[in-house]
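As written, the chains take the letters A, B and C, and residue 1 is the first residue of each chain.
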Amino acid sequence: MKQHPATNRWRTIDIVVAAVIAVAFGVIFWAWGLLWRAVDPAFAFFPAGQAVMYGVWLVPAVLGGLIIRKPGAALFCEAVAATISALLGSEWGGITIVQGLIQGLGAELAFAAFRYRSFRLPTALLAGTLTGLGAALFDFFVWNVDYALGSYRIPYALLTVVSAAIIAGVGGWYLTRALAGTGALDRFPAARDRTLV
Amino acid sequence: MSSVLVRGFGWRHAGRRAWAVRGVDLRVESGERVLLLGPSGAGKSTLLAALAGLLPEDSGEQEGTVEIDGLDPRKGRERVGIVFQDPESQLVMARSGDDVAFGLENRGVPAGEIWPRVDEALRRVGFPYHRDRPTAALSGGEQQRLALAGVLALRPGLLLLDEPTANLDPAGAALVRDAVAGALDADTTLILVEHRVADALPLVDRVVVLEPGGGVRADGTPEAVFGAHGDALAAEGVWVPGRPVPPRRAVAPAGDLLLTADRLGLPPRLAPTDLGVRAGEALAVLGPNGAGKSTLALLLGGLLRPGAGTVTASPALAGPDARTPPHRWRAPALARRIGSVFQDPEHQFVTGTVFDELALGPRRTGSPEPAIRATVDALLARLRLERLAAANPYTLSGGEARRLSVATALATAPRLLICDEPTFGQDRRTWLELVDLFAEQRDGGHGVVTVTHDPEFVAALADRTLTLGRA
Amino acid sequence: MITLEPVAAPDAPLARRNPVAKLAAALVFSFIMIATLDPVAPAIAVAVELAVLPLFGVRFRVLARRAWPLLLGAVGILVTLVLFAAERSGRVLVEAGPVVVTSGVLLTALGLVLRMFAVALPGVIVFATTDPTDLADALIQNAKAPARFAIGALAAFRLVPLLGQEWQMISLARRARGVDAGRNPLAKLRLFVSTAFALLVGAIRRGTRLAVAMDARGFDAGTPRTVARRQRFGAADGLLIAGAAAVAGAALTVSVLLGTFRPLIG
């Protein structure tokens, strides 16, 4: 079977499943927030350390790109996820959408750099790193300006990128494989690498 | 008004080695009403999808041809309307009227004609609300009727229905069947898939039976097909009408009380209910969609905290733990005493293979490894799942997934078993196996509670019934 | 639990405006506010935002319920700034080891907190008054968004409450199988991951079925779509966007005239 789809035109199933991934992550984020509050105070004394968990918010971008394998998938997934969290009443309102677009753009660039032909682990790692970079840049210039450069802004940005590379990049790749193993991706090229049953 | 011509058709899903359906030759004339039968996994849904033009080339491999009025169904989609088994995932919009309008918009119907056609379609299926009604606020039966309206508004020449009443209570199922009967134009061609043949016969004049290995097993009027092949079809799993199932009555009177519910409720999902379950008895819980049966099952299973009233375990069930209510027990202790089978089997799967799935409960409750192997092997054999021991639970067919979910609850040998809709959408063979299994449990001194819409199941197994009203 | 209930009176004068206009107005307003670090402009902006609340039909209680996590954010900003402020000008108020709190730090903190509210609230207000179906319709008809993508996302959005319920069912099913985490945080994380995975698998399956159902009703057949619900973009909608820009601009101007303006870049 072919590794990449025959055309770049999105099928209905591509659109809906990409959006559903975003929606599911909206729900997962909501539950993750509850869990976080339960195991929280660990970061009170080193707030920059919280960036370690940043990667979780960026998983949809990489996952969408790896599953759908079409131009725009990473961007669409992350932007829809952001819009959905805004519609569900995120406290950040409309700015989440802009943030989502910037983060999604990072992953999108990584897949585009390989001309939407490679969806292996190194590509995923790059995609995770670049969405992390998008997120880190936005926070660096928009939210963290007034904080000390050496002891906060830079470690925060670095941790964001590392966390995104590992959780969203590597994590997203393993997640795609695990999903393919359940048969849920049978109508996507991501599942074609699997052995027949 | 549409005719169907299928020649040597076969389809293999991407990622599968076996053909889902193969060697089918079939001709359906305009205006005919056909019931499509076959055991679970025979490929009925796949064939309907092919007729509706919903098997894209990139999703598998095709043999032979399918034509609707001489056209490839992927090109002639506007002639065909299809309603699937699960209404929840075929409603597209948030408001009922918008959902019916969705298909009309896609077909490019002029804006001025859309709303009159929406209202007309809603009227024909007897939809009881205004078109602003949120789709999320509809019961299963109402959703199913709305899905039917969405298809009828498009005025298809060929109507395909895939188990349109599987999740409904008997009254809701009758309403949907009446809606179908009342909404068909005289010249609309109908192909219906439905496991419960007796209910479907008034709607059809011809029966086609698919052979699981490939090809058409039988084709003709209902009398002819069931007269000639009745016994063989019944043995393979088709619900041939007029063949009652043997009842499995209790062999001994019920024993100790295991669990009592006292004014148990969870507003607004469940109104206060009293109930007691004994060892060696099978209790069936009945009631319309939305009455709170599943909620009751979760409360009895120690999974939800009661909103009102109490659940009390007896010392016979819980020993010294009987002083605390089941929802406060730790999970392993709970799994050892009360086994729960959920309405949707896929919710229940935790591991990557069928074997691990069965071994999970015993491992969590601390059984030694050789004993676990023995338990799992016995269950695999009992439920015809040996071949699938290494398969991923999510890839099983509906019937297999249902058997596995029951087996997972049995693996910890709980004294009390609570099952939510264990028989829906099952062919006759799986159904009989499940009844046997529950009867064995009961006769071995376990308590069995089943939530069900299935009157035959109640008649065959239940010693006692409890009927819930609407909350 | 997650719900999609409307939270505002739908016929309030500004809530009735075109969803695209509302969204654009909120974004314009937020963008202008993001550009400053001083406390004056955001203070004016927050005052205006609270003043127009009745025009959107949003009650203060509703806003408070949605926006209270921002208060946590405010505390976070204060703590972080006390520990990691880039500048510590002004009079020293508290000095305890490495922690030096000056009046300049507090002023910066005030600016950042007000700015966060000024930037976030417009979006919160607009989304509280916007029906997702109307938003998708308006995006297609007034903002020329591709219909297939907008409608596909809308259809998926309908699954949100269903998935919320599904999360609960999966958690209960795990308990029934003898799996719980007790107090062990690592076990909690593992349980979270396995529940999230089951949710994702179920969601993708549902999405696949939904896409097939949409195709079956001619969604992607190539016929030009018509629209059953017309969304209009009138003069009032244009005025809303212009008004948002004008108010935000005026707030900045006041800050510049008072000499407090501190741009984000530069």
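The rule we apply is simple: contacts are C-beta pairs under 8 Å (C-beta built on N, C-alpha and C of every residue); 3 or more make two chains touch, one makes a residue touch a chain.
Since we're looking at a predicted model, the values are computed, not measured.
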Identity of the chain that, by mean CA position, is farthest from subunit C: B
Which of A-B and A-C has more C-beta pairs touching across its chains: A-C
Where subunit B and subunit C are represented by their mean Cα positions, the distance between them in whole Å: 40
Between subunit B and subunit A, distance of the C-alpha-averaged centres to the nearest whole Å: 36
Whole-Å gap separating subunit A and subunit C, where each centre is the average of the chain's CA atoms: 18
Touching two or more other chains - residues of subunit C: 4, 132, 155, 201, 205-206, 210, 212, 214-215, 219
Sites on subunit B at which at least two other chains make contact: 394
Multi-chain contact sites of subunit A, meaning residues that touch two or more partners: 11, 182, 184, 187
Contacting residues of subunit A [partner subunit B, same complex]: 1, 5-6, 11, 181-184, 186-187, 191-192, 194, 196-197
In the complex, subunit C residues that touch subunit A: 2, 4, 7, 23, 26-27, 30, 34, 37, 66-70, 73, 76, 79-81, 83-87, 108, 111-112, 119-128, 130, 132, 135, 148-149, 152-153, 155-157, 159-160, 163-164, 167, 185, 188-189, 192, 195-197, 199-201, 203-208, 210-212, 214-215, 219-220, 264-265
Residues of subunit B that touch subunit A when the two form their complex: 13-17, 56, 58-59, 352, 391-392, 394-395
Of all residues in subunit C, those that touch subunit B in their complex: 4, 131-133, 151, 154-155, 158, 161-162, 166, 169-170, 172-180, 182, 194, 198, 201-202, 205-206, 209-210, 212-219, 221, 223-230
Subunit A residues within the subunit C interface of the complex: 10-13, 15-24, 26-28, 30-32, 35, 38-39, 44, 47-48, 76, 80, 83-84, 86-98, 141-142, 145-149, 151-152, 175, 178-179, 182, 184-185, 187
